[in-house]
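In what follows, chain A forms one complex with chain B and a second complex with chain C.
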Partner chain A sequence: MLPDPSNPLLEVKDISLTFGGVEALKDVSFEILRGEVRAIIGPNGAGKSSMLNVINGFYYPQKGEIWFDGQLRDHMKPHDVARLGIARTFQNIALFKGMTTLDNLMAGRIIRMKTNLFWQALWKGPAQREEVEHRERVEHIIDFLKIQSIRNTPVGRLPYGLQKRVELGRALAAESKLLLLDEPMAGMNLEEKEDMCRFVLDVNQEFDTTIALIEHDMGVVMDISDRVVVLDYGKKLADGTPDAVRNDQAVIDAYLGVSSES
Partner chain B sequence: MSPEILNIIEVLLNGLMAGIMYSLVALGFVLIFKASGIFNYAQGVMALFAALTLVGFQTGQIPFSHLINVMFGTDYHHWGEGMNSFLAIVLTILLMILFAWLVEKLVLKHLVNQAPIILFMATIGLAFFMEGFGDLMWGANIKTLDVGIPSGGSFWWEDVTREWAPEGADYYGMYIDVLDVWATVIAVALVTILTLFSQYTKIGRALRAVADDHQAALTVGISLRVIWVIVWSIAGFVALVAGIMWGSKSGVQFSLSLIALKALPVLILGGFTSIPGAIIGGLIIGVGEKLFEYSVGPMIGGATENWFAYVLALFFLMFRPQGLFGEKIIERV
Partner chain C sequence: MPFDCMNDTFPKLLIHNASRFADRTAVREKDMGIWQSWTWKEVRDEVFLLANGLATIGFGRGDKLAIAGANRPRLYWGICAAQCLGGIPVPIYADSVAEEVLYVLNHAGVSHVLAEDQEQVDKILEIMPDCETLEYVIYDDSRGLRDYDTDCLRDFVDIQNAGRERASKNPGFLQGEIDRCSGSDVGIFLYTSGTTGNPKGVVLSNDNVLITSRNSAAQDGLTENEEMLAYLPLAWVGDHIFSYGQAYVTGMCINCPESDATVANDLREIGPTYYFAPPRVFENLLTTVMIRMEDAGRFKQWLFDRFMEIARVTGVRILDRKPVSLKDRLLYRLGDWLIYAPLKNTMGFSRIRVAYTAGEAIGPEIFGFFRSLGINIKQLYGQTEAAVFITAQPDGEVYADTVGIPSPGVEVKITEAGEVVYRGPGVFQSYYRNEEATREAKNDEGWVMTGDAGYFDDNGHLKIIDRIKDVGRLNNGALFAPKYIENKLKFFPQIKEAVALGGGRDYVSVMINIDLDAVGNWAERNNIPYASYQELAGHPDVYKMALENIQQVNRDLVADRKLSASRIRRFLILHKELDADDGELTRTRKVRRRIIAEKYDKLIDALYSGADSCHVQTEVTFEDGRKGIIEANLDIMTTDVT
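Take a look at the complex of A and B:
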């Protein structure tokens, strides 16, 4: 299914974000279409993570509009944004380290849980049925990410690569419309990177989730993303398919380095 | 058994039960510290305030009556016979929930992302405010609290234990306060409920998530502010239970807020983040100080219970600063 450009899932318009005198983002606009894998790239300090934090509600921009699912979004807290259907992972992993893999994934489903405290207290009827249902969904994700063996391990004890995978799992558990991944392959070895690439593509196809990701590994970005937006010093430098971006002169100068053939 | 051994058993039992009373206060500290990283200095005052309010409702005191009388020259003090204990407890719980909501609204909300020391200072302010407010609302006189929990020495236990001593020995049985036994039962029930709640309910899971990582909790859709109100409400409830037990034992008086200080060594022993730790820590302190007083006390002039807990805590800080059950924090370099 080709993404439909007339009805984007998320649209940021003229976003400007400043911290004191520092302009982290300046009039940045782009859109994320339904069903695509969208990469945000740029040198360090270009404003990529700031952009993700704006979309996710951690930062509130001084200027600009955010349209999600056809609606203009008000000033929203991160937990409200999560309920709206945006899940994310972090560059430096934010997991519930004292909880098991299973509990982390179940925590990811909190916004999907409906029964109230009264039923919870009685632990019968709807609450039990719901718990079983949520467990099934979570088990499906555990199978999908091949993390059965660490199901009951507190995640603080897991190696880095697996923690990244659990964090992806927790974001998946929310069954969000949009998944934001902040450097999902950072610090991984080649094999782990290949696995993660496959997971990202599978999530995109199997779960039908739209994905926006920040990544430094150009090979990965060019391989898995449908379209790329390039930021530099808080401004949008280029926007288009991987091929178009790769051949864009401004991008080559600013980021990819001068091509050896030229 | 010889009377000496029986005496030591008696000291042990009383130590365990005294420890439970410390644990009840320490529990409130742990709950708030786990969920928000705040060391709530006001926990002891919350127990005092809850007990004052409970007595006020029970006996039908008019809140702020002294203030009203001074301002308008009237002479109000009671509005009738008061109400039964159950109703008074329910009303006090509601008031503690309202209090939790106000704390979030007026204090915590404005201090999000501040350093822990700033939040700690805020709770010190809160403690002084509540002490003054409690005084203004219900008066500073010592009040008796009776919610129907039996108290006094157990004759049955005295009779039973007297039989244990050899025939003709100079032994009159063990003294155990029934109130302490009840405190133990209630504390065990409370800890069981809290543990089940945090392990098996959605809100419990959210509480643990917030305790673990604020940022991650936000991204899975948990509202920190809602969780904080819930946590402070639960801590208020635990404070009420502690206030009832301490108030029934030694009367509701303002020195009650000082028992909060005894919770500090309990926490250092048990670890600031562990509910079982608060219980075990309390038991160790309780038994330790009673045994020390019994064995070493007479040699050095007694009154060791005032300082023993703190010295024990000091030793713990040297060898196991995270406490028995606390999380050992290893910073990767």
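Take a look at the complex of A and C:
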């Protein structure tokens, strides 16, 4: 299914974000279409994570509009954004280390739970029925990410690559429309990276989830994303398919480096 | 169990089981975090839907259905569904690379494939252009396959739905097909993973598998109450007999683990009563237990050591139902409560009635450890060509160094040359499309050559000593079986590899590799400094340790009627580890005798001269491909054997 350009899932328009005198983002606009894998790249300090934090509701931009699912978004708290259908993972894993993989994933379901604290505490009737439904959903994700063998292992004991996978699982558990991945492959070895690529593509296809990711590994970005936004010093430098971006002179100069002959 | 001539095929037996065991659980699979189960009735319905569905895409009598994947209930159903239609299932090792799969598909003339998941489907689609007979690929797990735009791909569920429709229009069809099959029809092709050359397709009839399964199940008293974990490759004959043949014959429950990585955990959850594992698995388990015990507190260690000693003395006797004094019995009971039962529970062995191991020699220590805990682990000797069972150890007659007595209905004899040959109900029909190999392996009277050398000991138990082609004779005419001696040496943790020499010589000598981890540990504890493998290997104390091991082996050999002349007279410890990179071992770590004989001819000459030491220069290949020379003066030690 090709993404439909007339009906984007998320649109950021003229976003500017400053921290005191530092301009983290300056008049950045782009859109994320339904069903695509969208990459945000750029050198260190280019504003990639800031952009993700803006979309996520963690930062509120001084200027600009965010349109999600056809609606202009107000000033929102991150948990409200999450409820709206945006889930994310973090650059430095933010899991509950003492909890098992299963519990971490179940935690991702919390925003989807309907029964109130009273029923949850009572743990009978509707709460139990609901728990079973959520567990089924989570088991589906466990199967999908092939993490059955670590279901009951406390996350803190897992190797880094697996923790990343669990974090992706928790974001998936929220059943979001848009998944924000902040450097999902950072610090991984080649094999783990390949696995993660496979999972990102499969998530995109199997769960119909739109994905926006920040990544440093150019090979990975060019291979798995449909379109790429390039940021540099808070400004948008280029926007287009991986091929177009790769051949864009401004991008080559600023980020990919100038080849020695020229 | 009387021979059941009514149910002479698996589909017939399935119908029978669906009525006699109706609502008993036949299969479990861990999925979505819990054990999902199917009763015998449900299995019958699933298999019949699949069979009807296969008929809608042109699968019929004599067609071959390849089955590629791990132990999944649906793949087992595929085997039976193919047999319902008079077709032949051809299981394929899930980890085979594409070329190997292609060879099997082409050789067997496979028209349909039942594949587990995307990984298997990708492999099959890749080779499809080179496989003319292949028409359809059916997959069990649709994950990742949604966007595949290939005409020949079918979802398992869609095939079953088509089968449902066909069955309603043509209800008598399947029963008619099932009735047309009989016991003498070909039941399955099992491709043996040959170490050299292409794999051979062993053709087994329904009778081969069914009668062997019935006989062996009766011998061990297996019933429908048994629980079995199906975790070994589908394409391996053992799994076909244990998880399919014996399961259909007895009605026991087969449990499919969630994934490769969860087998240990699933084993524990299921607590099987009937279990098979190669020696390596038991070895690893023992190592894990020992390592974890080292981390335990001092009191627990003391308790463990104390009671394992009691178990060693009385456990096996109790298991073999031999007389044991009341005091020992009570002590063992106490040990069971404190140590053995919890330990068995951790390993998932709490409920085991019968466990088998086979494939290679198992160390007596390992064997003894599990038996002393009250786990009835036994050895069997088998081949694909025999539908597994040639010999097996009966309850109460279990010896670590034999493989038991001939299985029911099987005749075993030793040829003049010392080769083990057998015939019986399980003997294969032929190698598919390979007349020559069939004639080589099986003579007109139905005797099959095993290629193994062995003999019956005084208890009437078969002892396998080596491959027949490696067995030689000493100059005095006595039998010399290098692998037998090497295995005995390798059972010591300090000895990693050993090469025994003696064919056409006056006496036996060995060259040894020490295990750097084990001996290094020992050196550390005893304050012996060393800078390299070579230095440690040449240390007088290490030689002394090796000498003790060799004398122990010699004591064992003396007790052996046929091999007492093979006692080791001289030995040396090699200055480098035998390495596959240097061509001394195969990639599966088997000793390459010819190459070693050429490379170390000076050492071998020295072993058979009177010399006390020998100077040697050896070329070695480092891991990065560079080559270098190692030089050493090796001591040669003489034992007290004359």
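Basically, the second predicted complex is superposed on the first by the 258 of 262 C-alpha atoms of A that agree within 3 Å, B and C clash if a C-alpha of one lies under 4 Å from a C-alpha of the other, contacts with A are read in each partner's own complex, and residues count from 1 in each chain.
Going forward, contacts are C-beta pairs under 8 Å (C-beta built on N, C-alpha and C of every residue); 3 or more make two chains touch, one makes a residue touch a chain.
Keep in mind it's a predicted model, so treat the numbers as computed, not measured.
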Query raised in the report: Taking chain A as the common reference for superposition, should the pair chain B and chain C be classed as clashing or as fitting?
Result: fit
Query raised in the report: Touching A:Arg135, do we find chain B (first), chain C (second), both, or neither?
Result: second
Report task. For A:Leu72, decide between first (touching chain B), second (touching chain C), both and neither. Result -> neither
Query raised in the report: Roughly what angle, nearest 10 degrees, sits at the C-alpha centre of chain A between those of chain B and chain C?
Result: 90
Report task. Applying the touch criterion given at the start, work out whether A:Ala244 contacts chain B, chain C, both or neither, answering first, second, both or neither. Result -> neither
Query raised in the report: Which partner, chain B or chain C, touches the larger number of chain A residues?
Result: B
Query raised in the report: Taking the superposition as given, does A:Asp202 touch the first partner, chain B, the second, chain C, both, or neither?
Result: second
Query raised in the report: Touching A:Arg170, do we find chain B (first), chain C (second), both, or neither?
Result: first
Query raised in the report: After lining up the shared chain so the two structures overlap, which partner does A:Phe144 touch, if you call chain B first and chain C second: first, second, both or neither?
Result: second
Report task. State the minimum pairwise Cα distance, in Å, between chain B and chain C in the overlaid complexes. Result -> 18
Query - Where chain A meets both chain C and chain B, residue numbers - result: none
Query raised in the report: Residues of chain A touching chain B in their complex?
Result: 56, 58, 77-80, 82-83, 87-88, 90, 94-99, 103, 106-108, 110-111, 113, 115, 117, 120-121, 123, 170-171, 174
Report task. Provide the residue numbers of chain A that touch chain C in the complex, in ascending order. Result -> 102, 135-136, 139-140, 142-144, 146, 148-149, 151, 202, 205-206
Query raised in the report: Which residues, counting only chain B, touch chain A once they are in their complex?
Result: 200-203, 205-206, 208-209, 211-213, 215-224, 327
Requested in this report: Sort out for me which residues of chain C touch chain A in the complex.
Outcome: 31-33, 143-144, 146-147, 258-259, 261-262, 265
